[in-house]
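This structure is in structure tokens; I'll ask about it shortly.
In this document, chain identifiers A, B, C, D and E correspond to the written order of the chains, with residue numbering beginning at 1 in each.
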């Protein structure tokens, strides 16, 4: 091990140096998470905090945890976050304007309150008490000792955690997995849909390009140059059957002659 | 099963029978309901005839464990107090069924539902008076609200839903306060001995004064709401206005008596010291009730709410008698409960017939009925006389006893209370004058007089009022020992005669 | 040195059976065609629950604190709650099994063609069954966990499936997804607190065992400050789960958004599990420090009762109303926690059972009331339902009256025994407030009853679908139990009396 | 003490017949009036029989009792349903049954055209029963039953034609005013019970000496209040005038001869209370004096013949009340006047009824005139009654009224002079208004409406009038011959006990004085009303106006009771809705408002929920820290 | 150096995370803040483990990581689902359920 712990309260200097260098950076990074517009920046800062913590774990005789922190947490979990961020849109940035009245002020107040309170409480608590240190238990190696605990005393919890993993997998499947991509509609389907629509007005398709008319179905009157419908353009049979569609929606907008 | 249990549960037999009858056969349903209630009445008569006042405690005692972890028993037993009220119940139910033969029709639900509710209610009403286990009493006390809620809301008129809700909320609110007190006294009994809900056992507890006061209030407010005592009364007029006459009779005639009954059975005997502490304040409330109810009755424009307010006035007398805790006051109050049951029943019955014929409950719509429907008018008048406590009718005896009993302890209260008898004359005679006297008002021309069924329905009520007025001894004979025992439990005696020998 | 761990599988079997069932369910998903999955899953889930329950009956008297190396405590209390959870989960699965509560294709966009195709192909999201079983396993573990790691794991095992299932509603999918998001975010937030609390409790005692925390002398490095911080943070995680004010905000939204059978399942079983854990922790680990937490928990209980019932008064949606009702009930149950006596434990157990049945029943009925667009939870549309469907309305009224604590229903006995226990512990304030808030709560229960029975049906009214046999069984059992426990509560009271033992 | 099993029949017979007639309905229309009359006559026979038996006993043991059953027995309160017939009550029994029988007979004819005659007779019998119970009850509580019973009967009879709203209101007014009096009686009973532990006459009498003077004064005052209600004494007099709404026989029986004298009976019966309390006595004489003048003054301005007679009744009862307040001998004179008044006033009322009968129910005297020729029997019998009430010797009133005036003067000091003066003045005014009545009705010019055919009434009506006229002439002499009544009543009211002090003036002087003022009054009336217009003149003095308006008694009642009462009622109705129910609603609204606020907190934003949690956490940490520290 | 400095750091990070949940609107960022809180808790566990001289804290920390991983899977799946329906990952947009 790198150092010996002396008493609860005092550690060797190298650890102190390390702490005083990394801790402020971690705090700044964590705060940065709060103020970054882009989620992806926040994610990177969080990853940084996690790595810092991993170093602290190692410094505190938790070698295994330190490694796991980097591999699993920073490596896997944070990557998942980034992945999802990509999915959602990596550029998506959040306007940092608060729109719930009083939320921000109250949040900061509550945050400061909680922080202040906890800090002062912790300050009261740790006065001159010796820390036991992990030298003894880590004698056979941190990983071995950890494993021994994990597989004896906490084996039941360990077993149950498997349920959690399955749940997570199942959950992700249920929520995100879609059974089959829906078949794209073929032209045949499209035309059937056209004729089964509410109005037959769509059935005829659109007129060719370069024409003023917006429609060319037989049951829609043609438009005269001034934009008014030409009643004679409809077959009398259709009229008699009442199958005439009002041409108003297809009329040309009255455009002003623009003179340059 | 002893006869008391049998009487209590018998109406449920009717419920079962009705459940298997087809909905459409309304006439048969009514006959069955009537039959069951009459048999219940006869059974209760048998029980009453064999009743002997026990030296102490209750008669016809029966007890089975119910919820053993809380020492709750299905425990029944009656003393004179309970007996007269049970008899009142069993007599009124057939009268309600017969008198309100058609009021079950035209409700939201079927006729069958109506009578099933009525019979369930009857079991509850008998049970609540017979229960000697505080928990059992409480359960029935609350549970009986449910059928009434549906009776008002389902078969009433006008703002029935709101009235039903208000009634239920008030009662349940009171009930919850009582629940806290019930729990409290149970805990105390558990501390002093093995926990118990038995009313006799509980009366032997020694409870310190402050606790007594709180527990007393818990019980009392529940009962005051039910009774209803001023200022807890505002649920009543609405409920009476919306309910059918039959429901009103059961509500005011019997259900509300549970409040005053509870005051005697629980407040007085379980918390004698607290009773003495609070009695002066309650006397004040009672006097206010008497006067206030009477004034409000004078000011009512609706026949049903007028009767409701007269009842508030009368309940004021009852609580006055109870919290004077003299033998005359207590006996008078108990007897008052019975008589008020009959007199209210008479008023609501005839009033209900008038309303159903006129299709309106507004007093101003009536007028001159004396000329066109003499029998109905006369019965209404006689009912009114019983409400104003005319000597010769039973309500006089009890009202007088109450005032007399109160006077010996709280003379000022009695004097103010006496003003109530003048106001009673006013509200009844104004009502009589507006509805029965004067020229016939238009809209009343086609009214028909009572038919035979209606006459039969009301005859026992009037007979009871007259007979008990002339010869109240049987009732007083039954009530007196209970009164004596309540006073003994409270450790009080009547005030001394001031002068004389 | 490494020694073989000894696990008493007989005592762990109920949980293992459920987990096994869940795994089988996952395999079924993989190997059976979508048409056949449904019946198989239903049978499998119900069978698993029944077998687990049967096993539980077998081991009901095996009390031990070392079944899993000290990670779980199988005692009367734990077994009772496990059994309760199994029974209620069984009823809930019956409701879940009714066809059309879940989106057929969850990943498809609401209203998309893909969704329409899935609907028309009749496919079902049968994954809910294994998910439910996973949740049940977590719930069964939660109240018997006796170290903090197991507790935390159990919490997550029960929560994760619920987060997922909340988002699976077939109709109003946006709301359902929103509910899932809210539930998840707040749940994760609260479990962070929970974990932080565990850390500080560990800091205080140097151990993660519930029992040892309770009996820890002031550990050399520990300071009571750590205890307080740990206790508060841990408790808040649990209070979140039970929906106590001010950690309740998720409840109405999630209850409303989730598919109704899931809401029923969640409302009943989660509450039991979470209260189980709460009771075990406060009756065990924190018993000796009661003077530091009792006032604060009492206050929470009072606030929860009062605010829950007041907030419910003006709700217009039946599911939200029931959500607030569950908040109010959390308050009453907390009264049982702070009573801190055997009576309080027994009363809480009774209460949980009674509440569970009524809750599953009530939500079961909510699933039945529909119009052309599916379930209708807007109360105004429920007006006059009694005329069309008297039986369903009577059952609903029964559940509501039970919630309100009207005598002759199980809710009354629950309330009575809880208040008795609280009174016995000298906590009269909580009884008085409880009574008053019951009165307020009654108002809104009765308002619903009034709507059902006394209001005129609107023209665009709803109808009650003919319930499937499974739903009928579920609601029927709930109604019968609600009534039976009200009329003859000794059945259960005697049981909880004997079962209310905790091993440490 | 002797017992008699007959007493109960005095009450039971008419009660039974009344119930029978009411319950049988129209079936009894044909014979109901006959049955009722026979029943009443039979009670008179029983009364006479009892009187004979009583008379044959020595004066100390004449009272008889009959115990029927235990009525109310609670704690120390024991009230029997028991009857007591003594020298005092027998006077009343005979008066009630005697006059009652005559009036029944009269009514057969008078009501022959009314389709509800049966009901009328049922009510009359009810009245007889109640009145007999009133005078026969052996305790205050029994008395109270009869007391309210007669009130009820009076209510029913006044409102007999209640389809006329005015009559219905009149009956209600009478009952309510009576109830105010009843309040006094019930309070008196309560004080008695609290003081003596009993409410029987004997018991109270036995204890009266030991009671405090305040208690006695209280009982006395309350009894007086009761008497005021029933006997229409100041300040509860206002109902009597309106009570004339009832059929005339009713006015004669109830509102002249019997019921209204119940107050006198009550005070005489309670002589042991009043004897022991000078305060109570003082109150009694004040009330009596005021009322006798009050009634008399009202009487001078009434044009309605029945209302004039009613005012006269009020005044005459004022004399009786005055007498009862004058000490033991006064009771006897009060009863004497009561009896004589019963004859002559009933006679006059029947006469008035006879006149109305002949004049198509016209009651306005200004529409009469010169009827003496057409109705000779009525005029003569009425005239005899007139002479009696004026106190012209040897008619009955002379014996009774002069005795009262004389006793009043002898009350001593200023009090005596004031009371005597008032009584004397009353006599003068009585003479004035009675003469006015006689002149306007029977003498002078005809002022009838066209179409009237005044005629003499049938024999069934005139016969009772004749018999009563005989009584008006002879009763005074018979009863006071040799102080017969004074001796007779001695055991009950102790009427000879008081040592007669030196009288202020000799009896003869008083008589002459009284005669003098009577002549003066009569003369004045004759000159004034020799010619009368058939319309009441409007330009009259304010005194006349006031008298016509009953000295503003109704106005006063309206202003003091009715209007504030109405306002109070309206106010309370509002209070009930707005304050009491309003409070409950307020609580509800407050909770609902809170609920709305809570709904707003639940704003749908997950971040707000998280904030709430965090805030809750912070507060909890602080709280636990504070508690832990 | 004072070992409790680690605790201070843990507390500060936890607070920053707890506050971040309140002020950020992007569901993913909020979730990251929660991860930060979990990490802070882990740091406390590891530190306490050193103080207590046993490995239980580290075991707990290990479990936390596993649990967190599962939670992340489920959480992100939910976020993706809702993003697909709404085209927004802002939690403020998801406020249909209220009052």
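In this text, a residue touches a chain if its C-beta (ideal position, glycine included) is under 8 Å from a C-beta of that chain, and two chains touch if they have at least 3 such contacts.
Just so we're clear, the structure is a prediction, and the values are computed from it rather than from any experiment.
J.: Any chains in contact with both chain A and chain C?
T.: Intersection of chain A and chain C contact lists gives D, E.
J.: Report the pair of chains linked by the most C-beta pairs in contact.
T.: Of all chain pairs, the one joined by the most C-beta contacts is A-E.
J.: In terms of CA centres, which chain lies closest to the overall middle?
T.: Centroid comparison flags B as closest.
J.: From chain A, which chain is the farthest off, judged by mean CA positions?
T.: So the farthest one, by centre of C-alpha atoms, is D.
J.: Between chain A and chain E, what is the gap in Å from one C-alpha centre to the other?
T.: 15
J.: Mind checking the centre-to-centre distance between chain B and chain C? Centres are C-alpha means, answer in whole Å.
T.: Going by mean C-alpha positions, chain B sits 44 Å from chain C.
J.: Using Cα averages as centroids, what's the distance between chain D and chain E in whole Å?
T.: Each chain reduced to its C-alpha mean, chain D and chain E end up 95 Å apart.
J.: Just how far, in Å, is the C-alpha centre of chain D from the one of chain B?
T.: Measuring from centre to centre gives 37 Å for this pair.
J.: Quick check on chain C: which residues sit in contact with 2+ other chains?
T.: 106-107, 149, 153, 156, 160, 163-164, 167, 181-182, 185, 189, 193, 206, 221, 225, 228-229, 252-253, 443, in rising order.
J.: Considering chain A alone, which of its residues make contact with at least two other chains?
T.: 8, 100, 103, 106-107, 110-111, 114, 118, 121-122, 125-126, 131-132, 153-154, 157, 161, 164, 167-168, 171, 175-176
J.: Residues of chain D that contact two or more other chains, please.
T.: 599, 602-608, 610-611, 614-615, 617, 621, 625
J.: If I apply the definition of touch given earlier, which pairs of chains qualify?
T.: The list of touching pairs comes to A-C, A-D, A-E, B-C, B-D, C-D, C-E, D-E.
J.: Which part of chain A faces chain C closely enough to touch in the complex?
T.: 8, 118, 121-122, 124-127, 129-132, 147-148, 151-157, 160-161, 163-164, 166-168, 170-171, 173-179, 182
J.: Which residues, counting only chain A, touch chain D once they are in their complex?
T.: Chain A residues touching chain D: 100, 103, 106-107, 110-111, 113-114, 117-118, 121.
J.: Where on chain C does chain D make contact in their complex?
T.: Touch residues, chain C against chain D: 181-182, 185-186, 189-190, 193, 224-225, 228-229, 231-233, 236, 240, 245-247, 249-250, 252-253, 291-293, 295-296, 299-300, 307, 310-315, 440, 443.
J.: Flag every residue of chain B that touches chain C in the complex, lowest number first.
T.: 65-70, 108-109, 138-143, 145-146, 150, 153-154, 160-161, 164-165, 168-169, 172-173, 176-177, 179-180, 183-184, 186-187, 190
J.: In their shared complex, at which residues does chain C touch chain E?
T.: The touching residues are 106-107, 109-110, 148-149, 152-153, 156, 160, 163-164, 167, 173-175, 177-182, 184-185, 188-189, 191-193, 195-196, 198-200, 202-203, 206-208, 219, 221, 252-254, 256-257.
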